[in-house]
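What follows is subunit A paired twice: with subunit B in the first complex and subunit C in the second.
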Partner chain A sequence: MPNLKELSKKKVRFTGGHRMCAGCGAPMVVNWILKALDDDERAVISNATGCLEVSTCLYPYTSWKDSWVHTAFENAAATCSGTEAAFKALKKKDLLMESISS
Partner chain B sequence: MLYVCYDNGAYMNTGIQRSSATPYGADTTTSPAGKVKQGKEQFRKDLTEIMVAHHIPYAAQTVPVIPGTPYMFDLYNKAEKAFKITGAKFMNVLTPCPRGWRCDTATELEVVKAAVETCFWPLYEVENGEYKINYIPKEKKPITEWLKLQGRFKHLLKPENEHIVQKIQEEVDRRWERLLFLAKVK
Partner chain C sequence: MAKRVSLSGNEAVAFGMKQINPDVVAAFPITPSTEVPQYFSQFVANGEVDTEFVAVESEHSAMSACIGAAAAGGRVMTATASAGLALMWEMLYVGASMRLPMVLAVTNRALSGPINIHNDHSDTMGARDSGWIQLYGESAQEAYDNLIQAIRIGEHKDVQLPVMVCYDGFITSHAVENLEMLDDEEVKKFVGVKREAPFALIGQDPVSMGPLDLPNHYFEHKRLQAEAMKNAKKVILEIAAEYEKLTGRKYGFFEEYKMEDAEAAIVVINSTAGTAKFVVDNLRAQGKKVGLIKIRVFRPFPAEELAEALKNVKAVAVMDKADSFSAAGGPLFAEVRSAMYGRADGKIVTNYIYGLGGRDVTTTQIEKVYADLFNAIETGKYEVYNYLGVRE
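Entry: the complex of A and B
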């Protein structure tokens, strides 16, 4: 069973100040999922259009501390797999500035 | 890649239009309950099972963290497991939208709990084709326990709509029995 105390010390990757409705369940789901990453890991998040997407990136603000891509309704996964392919290609050619985990 | 779907059961952002994820009987702006119709007339499309059918290494269904339940860390545990698996992974999280569900924000997690306890939303995972149910309620609650907490189902509780509730109950039972069979519990 995870230790709540330990988890509360984890890096915050999704911050407050967004415009989701009070009581919306989506931000807490995001927070808990991102907690499952190790602190030294970096994520690329592709977000399909919806409340979570439009309400967390009102220009020029963002709630996301990781790389975050705004995508249409249907292609969030395609964007993510494209990013992964690009990452692998750059890694193979040794063009990555620093090591980033996949 | 881990694909996470936060299923709130409608196109909430554009004003609560019904979607394939909308449960049977729900009142939405494009499946309104009124004199003629009693909300959505199709059962919810089972996205988790659709993903399982893709034979990906990991697909799971879960709920937000609800303190005091035996499944409090189900969401966290599944995310942690999924991140460690290579390949395409999927998680479906039943996520409250107080606006669309027309429920109280202070007690919305009780609604989600009711979804688990009635087996409307079973907690399970499928790893390399192996089904595992993560929580089996000691006593399965009637579906009205989930319906009665939400304004979008209010019309279903009228005596004349009892047959609709019964139809929903039968479908929930059928899907739950199927899951027990797939997980080799029965």
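Entry: the complex of A and C
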């Protein structure tokens, strides 16, 4: 497992300039969670309604460098299960682009 | 080559879905729609489709998963009825406003309460302003044909909206009828292999979907959504013309039955049109000038075209298989009468709420509606709001 020093060198996938309160712990948590990804990987992030959601993707701005989806309050996991299913199906049908086929 | 088959409405829809071979189906069973996901999950288990089937814990999750899959760029289908549709409610609006094409087969069933498993239109009529295109069909054939066309309508670049394909619970969903199905290859060619998705979570570039949209942008987005629904009118006719070339079966916004010289007409949705056509034929044989309009497309509502079709009648009865409890008539009535205002003025326009909770509608009752209309034409006296076949 990489140590903190190594993790801090990984790509930042969540940019500043969002509207979370100064000093809020959530953006830092997001940043560190996203370090679980390898730098060449792409993620789809499903976000429930809440501070993190309304403050980080306020039309026409977004803080998310990966694909990100918000639908409602109670169903971030259900939404993501559909996205995952679509990924599997498109892969099976060989309809994914090279760059995102893993 | 097309083949003749005998199938129930639900089977026709499930086989249609198999031919479409969507990327994702996320569904939860509910009577009388259950067979659709049941048959389809068998196709998945048997490897007859490439679809990923997501077995969810509720209809809310079913629609959420469909939205997640459509946002990813997949071609998505599901099915439900009644309370299942009601549980999807919140997500119906979200899916439409995200401009995600999806196809939802609804077997129309009365909405609780009291709980009732039989057919009326209270479920989809309640969802009429959710931003979904709504197609209705009288028979298994029409449910099948609408389903195939729905894929193309919703995915059209000028539309990008979800589509409900509605047919009557039990009456159409469970009765076995003869119909004509296209070949698998013909369907494949008609719908294409991959959905056009201008923006997708799994696409060329990362994208954020479902942002917070405050007063300086929200209104413009809703306006664009309204424009897409307007565009759908043209697209629905284009797709219908293409489908007619393939099948010989003609579809429009509504079907006009013996309307050329009709003095008294009824406007009706779904399977009751079959019963009503029988009555029209009988009354025509007696020399009575009667006709019928059966609505196929309720959203977008073909207001101008309907007014044009009704401009020569003297009296029209609008039949609602759902009450809106507005104390001013059912939903179809409100829209038809409003469509006629300023375009087909001076007509007698009445409303009949009928068949709630699956109450049978008989030929005698429909004869009575026409008799009421002729009586109204003669005497000028009539009730605007009526309930048909209820014990008062």
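We adopt the following convention: the second predicted complex is superposed on the first by the 97 of 102 C-alpha atoms of A that agree within 3 Å, B and C clash if a C-alpha of one lies under 4 Å from a C-alpha of the other, contacts with A are read in each partner's own complex, and residues count from 1 in each chain.
The definition used in the following text is that a contact is a pair of C-beta atoms (placed from the backbone, for glycine too) under 8 Å apart; a residue touches a chain by one contact, two chains touch by 3 or more.
For clarity, every value in this text was computed on a predicted model and none was experimentally measured.
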So, after the overlay on subunit A, do subunit B and subunit C clash or fit? They fit
Which partner does A:Gly50 reach: the first (subunit B), the second (subunit C), both, or neither? first
Figure out whether A:Val29 sits in contact with subunit B (first) or subunit C (second), or with both, or with neither. first
In the superposed arrangement, does A:Ser81 touch subunit B (first), subunit C (second), both or neither? both
Partner touching more residues of subunit A, subunit B vs subunit C, is chain C
- Message: Contacts for A:Trp68 in the overlay, against subunit B (first) and subunit C (second): which applies, first, second, both or neither?
- Response: second
With both complexes superposed on chain A, which partner does A:Met1 reach: first (subunit B), second (subunit C), both or neither? first
In whole Å, subunit B and subunit C in the superposition are separated at their closest C-alpha atoms by 13
Overlap of the subunit B and subunit C interfaces on subunit A comprises residues 54, 80-81, 84
The residues of subunit A that touch subunit C in their complex are 42, 44, 46, 53-55, 57-60, 62, 64-72, 74-75, 78-90, 92-93, 95-97, 100
Per the touch rule above, subunit A residues touching subunit B in the complex are 1-2, 7, 21-26, 28-30, 32-33, 35-37, 49-52, 54, 76-77, 80-81, 84
Seen from subunit B, its contact residues with subunit A in the complex are 1-4, 6, 8, 12-13, 64-65, 73, 75-77, 79-80, 82-83, 88, 91, 93, 95-99, 105-106, 108, 112
Subunit A partner, complex, touching residues on subunit C are 23-24, 26, 50-54, 56, 60-61, 64-74, 76, 90-91, 94, 98, 193-194, 201-204, 206-214, 217
